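Shared between the two complexes below is chain A, which pairs with chain B and chain C, respectively.
Let's look at the complex of A and B:
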């Protein structure tokens, strides 16, 4: 753990009390509702949670890519190297996008434009941010394709996305995102749509690029195994809020929030085949109607009156203060870990 | 690609045979025939009764080969043998004029005005129609693509709503009514700004080059407006829907995530993709381009292809009907082929190798 500590350089990205809401037919959906986390230089922060918990929306908020309307910012700060991205002009945001902060998405099949060559799409980013001409941009695209491990990059650079496999396309996406050596790479479910064998390759690629380029990664996934292998710290999100934040080792050794414990318990286990898989009862509440108090109380076996009356805040549970949990009954959650 | 085009062109031959055969048989099944239309029937007077009338009809039919079995007649239409009395000996003709029909590039003469070769008349009409429809289609595309993009990028705003309502109104207005209203408003009965009939003034022959051009321009304004507004409304909506569909795609979000400006996102990444469905509409545009519009040409008294087809139909002039339908069938087939080829040009995912 001390090795991990040394990684802690300056804070690159700090999100404070971010609220991203959406106007909808049923009123206001509080997709991200008071989320705080920070990413240090060179580290990987994993964000984990079920679909609809607000993890992707928080990432899109950093990029300023939440469609407005219906989305809007209802408060908070997003500090990137001390600059509040919620306050800067659209022009400044465009300077940062693809250059300082870049993003890769879940669906490599649809995230590339079908009518332009991959070389064109990679080169476009560098010619925009670094003023390279067409030829230089193409050369840079070849270098990037080589870097992400695409064989015969000279040939592939002139191919169209449909000529590449899913894994290849995700590599192209990574090449595109890495083209300007960003400080922060946001990877939103980067391997969810890929075959298991390809998943490991792509994650290895992101990790090795992170080490060689010294960038930070915000890794969004619902897959605890992906987090375990790649993240240094983890934020667990539920219903628009962070419910637990910890060092990855701490979290896997001793998760404290009932929701996190539930997530671990629902991982399939090889041993007892005759037992049904453990699940978390109920479904994620709609972002239009989050329950008052603790939002997990409707699915929590520990829930008591206090949980509906009073919203739990993130409180440190470890001596160094690095592990925080938002639950009124932290001391009783041990009983859930069977 | 070349192989593909040749194969498609060859496939057109049986298709055209099918279409022409169907039209050929069905117009002969329709009530009325050119002889009775020409000479009148039951309208009283000396012609209505007696052997004289019957024999004149019989003579007209014999002269034009209309007394023959319908399939022999179709063979005459296809050619290359002329089946009429002065035609090929194989069909009992005198052998004076043995070759005719489609294969001999001879579409015959009009039945009423037997001195007018249809192919020549078709050429004259086509020139008129092409001028009108070419201008109209240019204007339609030039207006509806930008308007579609404009609406799509302002989806849900008051401006987009207003555009939608206006386009819907335009699309709902029948052509003949629009033509008549324009004539009432701008013709002699109204403001008197624009000429109402034809494509040039009676004294056009005496005008100098520039004056003639001005005169032609004035004559074109109203027909072009009537020609354009409906397809403009339709195409703008198509473009809006296509653009809105593309804007929702993941790769547009990717383009924005790169830091591209909204202008580049729309005009580089979205435009080309949203043009793909609009390109297919080209297949329906070409036949209109060549076939002309019956209503517009009729209302504004323009001697184009559309009117020719209409006149042929009214007169039951089988030769005109066959010529105009074959021609627009051919144009449709070429239009479909062209749009398929354009598809492959704009979308790298489509290839005909």
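Let's look at the complex of A and C:
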């Protein structure tokens, strides 16, 4: 991707041709199959796509958290500050995880350990990575809880996850993830399990922490509205591939890939009530049996012979090269937007 | 769309309450109640879509289930007007009669994975009610089921397959076919599209709309996704801690919300437009426990404009227009 030229921030994370596959009963599931994207220092990259498009697996691959087996790496590079995370030792990875790169998950109840206090869990990270003793770790936990906006942090620090509400638990997760001032925060559907008013609080929190700490965020979600308000750049994934990448404004003003256009048109947000919603016919193909050529062709109204014969690559469509699309018929996709 | 006309309502809910007792100790002493639904009233006209919106724990799902008597109510009444004959009070109907009325009142559940029996074929799932209610015989049930499956956009031969062979969207279609099998007049859609991806969600929403037109269905649509609600509803009721705080037509709620909670809720919804200026009404804190709701207006502790009187008494519903009611002391 050549988009990095236009922004000044250095590239913090660069993923090149990543392939993460899984062995299953039906053969090999190519969950992530040749994905490239990069995250610059201080920016938020949004990754959007529907269930099974590989967005979460690509994030788990960065953290080295893909269960192996059945998962395995089938190629590519994950460069974090120039270091290939797929090649480093497990020890080195452990040093980076939770320290340089940390992650928050969708379900804050299952991601927290129910038998330890939240102070314990936040403190564990810092005592591990920064060698703080028990007391210092607890103090640090109180500071972190305060930072993520939990009232009465001195009291909450000794509570267990079940004593907290869903929104509070997600704040604790964020406090844990932020405890070591990571360079990169991976947020995998961080607000999907939360109500809208709490979602707004949590997203505002992530944004303000990002600004004050200067970290990068990889925001993974299926929600186009969450992306619109929080990401600087967006990668749209479909069936294990990035099909479109652009600046958030460019993408929402003028999407070019037929899948992206279809996604926007199926949103009920702005649809007039007396007309049926536009839909994308059919369903996402199974990762065991992706169609050859363009993977979207089975659901695409523009598909022609070329689409099954030849796989489209991400090509620049804007003059600055910052907007890339993988489609053979980019010039015709405007007709879909009507 | 049809605005509530002055006809006989399809269903009339008044003062509906559902408390769940909380028991503690070896003697299981009754120590408190979770007031999941605490005095809810509304009507649904034939062919109308009323949406119940609110955050988790506000009682919207319990309200839908109690209305259908899937949960026994604590208090209140639900009057249902069948196509022929006098209106019936659902909560005082004897079992046998309630069973007959159930043909008219159906429900579609949120989770298409857990709401279909994995050991039954799709044909049996959809056909079961037809046999129970003796609408079909064993001989002709297969044809009726095939018609229903085709109507909801599945292949007729799906009836021999099991739920696990289908995707989420397809399973939800099976759930819809099951709800339609008996020719209902009111369908409670409990978060019926929440578990689906947007492109599939759009397909199912279109289907629900088409079916409403074709079979003249009334919908009680329970959802937390306000953009879906806006697209589908004729009227909207906003719930907070077991009570309706505001009810009105879709336009009234979205363009002229009067209750501070409705305003905050609407402002918290993100827009799929990166250029949109967000002017959030910040809401601090979480929804209080329905076991121990705050005195006075339940929303007062989180309300940005609350006054002293708000913590003293629960506000009465006031009319903002013929169709628009608000429960807030500050409204006049």
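Here, the second predicted complex is superposed on the first by the 327 of 338 C-alpha atoms of A that agree within 3 Å, B and C clash if a C-alpha of one lies under 4 Å from a C-alpha of the other, contacts with A are read in each partner's own complex, and residues count from 1 in each chain.
The rule is simple: a contact is a pair of C-beta atoms (placed from the backbone, for glycine too) under 8 Å apart; a residue touches a chain by one contact, two chains touch by 3 or more.
Values in this document were obtained by computation on a predicted structure and should not be read as measured data.
Superimposing the complexes on chain A yields a three-chain arrangement in which chain B and chain C fit side by side. Draw one line from the C-alpha centre of chain A to that of chain B and another to that of chain C; the angle between them is 70°, to the nearest 10.
Of the two partner chains placed by superposition, only chain B is touched by A:115; chain C is not.
In the superposed pair of complexes, A:185 makes contact with neither chain B nor chain C. Counted by residues of chain A touched, the larger count belongs to C, out of chain B and chain C.
In the superposed model, A:50 makes contact with chain C only, not with chain B.
Residue contacts after overlaying the shared chain place A:65 against chain B, while chain C stays out of touching range. Look at A:300: by the touch rule set out above, it reaches neither chain B nor chain C. Of the two partner chains placed around the shared chain by superposition, chain B is the only one that A:97 touches, whereas chain C remains out of contact. Of the two partner chains placed by the overlay, only chain C lies in contact with A:249; chain B stays clear of it. Of the two partner chains placed by the overlay, only chain C lies in contact with A:222; chain B stays clear of it. The superposed three-chain arrangement places the nearest Cα atoms of chain B and chain C 6 Å from each other. Shared contact residues of chain A, touching chain B in one structure and chain C in the other, are absent. Put simply, chain B touches chain A in their complex at residues 156, 249-251, 253-261, 269, 272-273, 346-349. Residues 1, 55-56, 167-170, 197-203, 205-206, 209-210, 224, 226-228, 230-232, 250, 264-265, 268-276, 278, 280, 282-284, 286-287 of chain C touch chain A in their complex. The touching residues of chain A, when paired with chain B in their complex, are 63, 65, 69, 94-99, 102-103, 105, 107, 110-116, 124-125, 128-129, 160, 162, 173, 176. Per the touch definition, chain A reaches chain C in the complex via residues 50-51, 165-168, 195-201, 203-204, 222-226, 228-229, 248-249, 252, 262-264, 266-271, 273-274, 276-280, 283-284.
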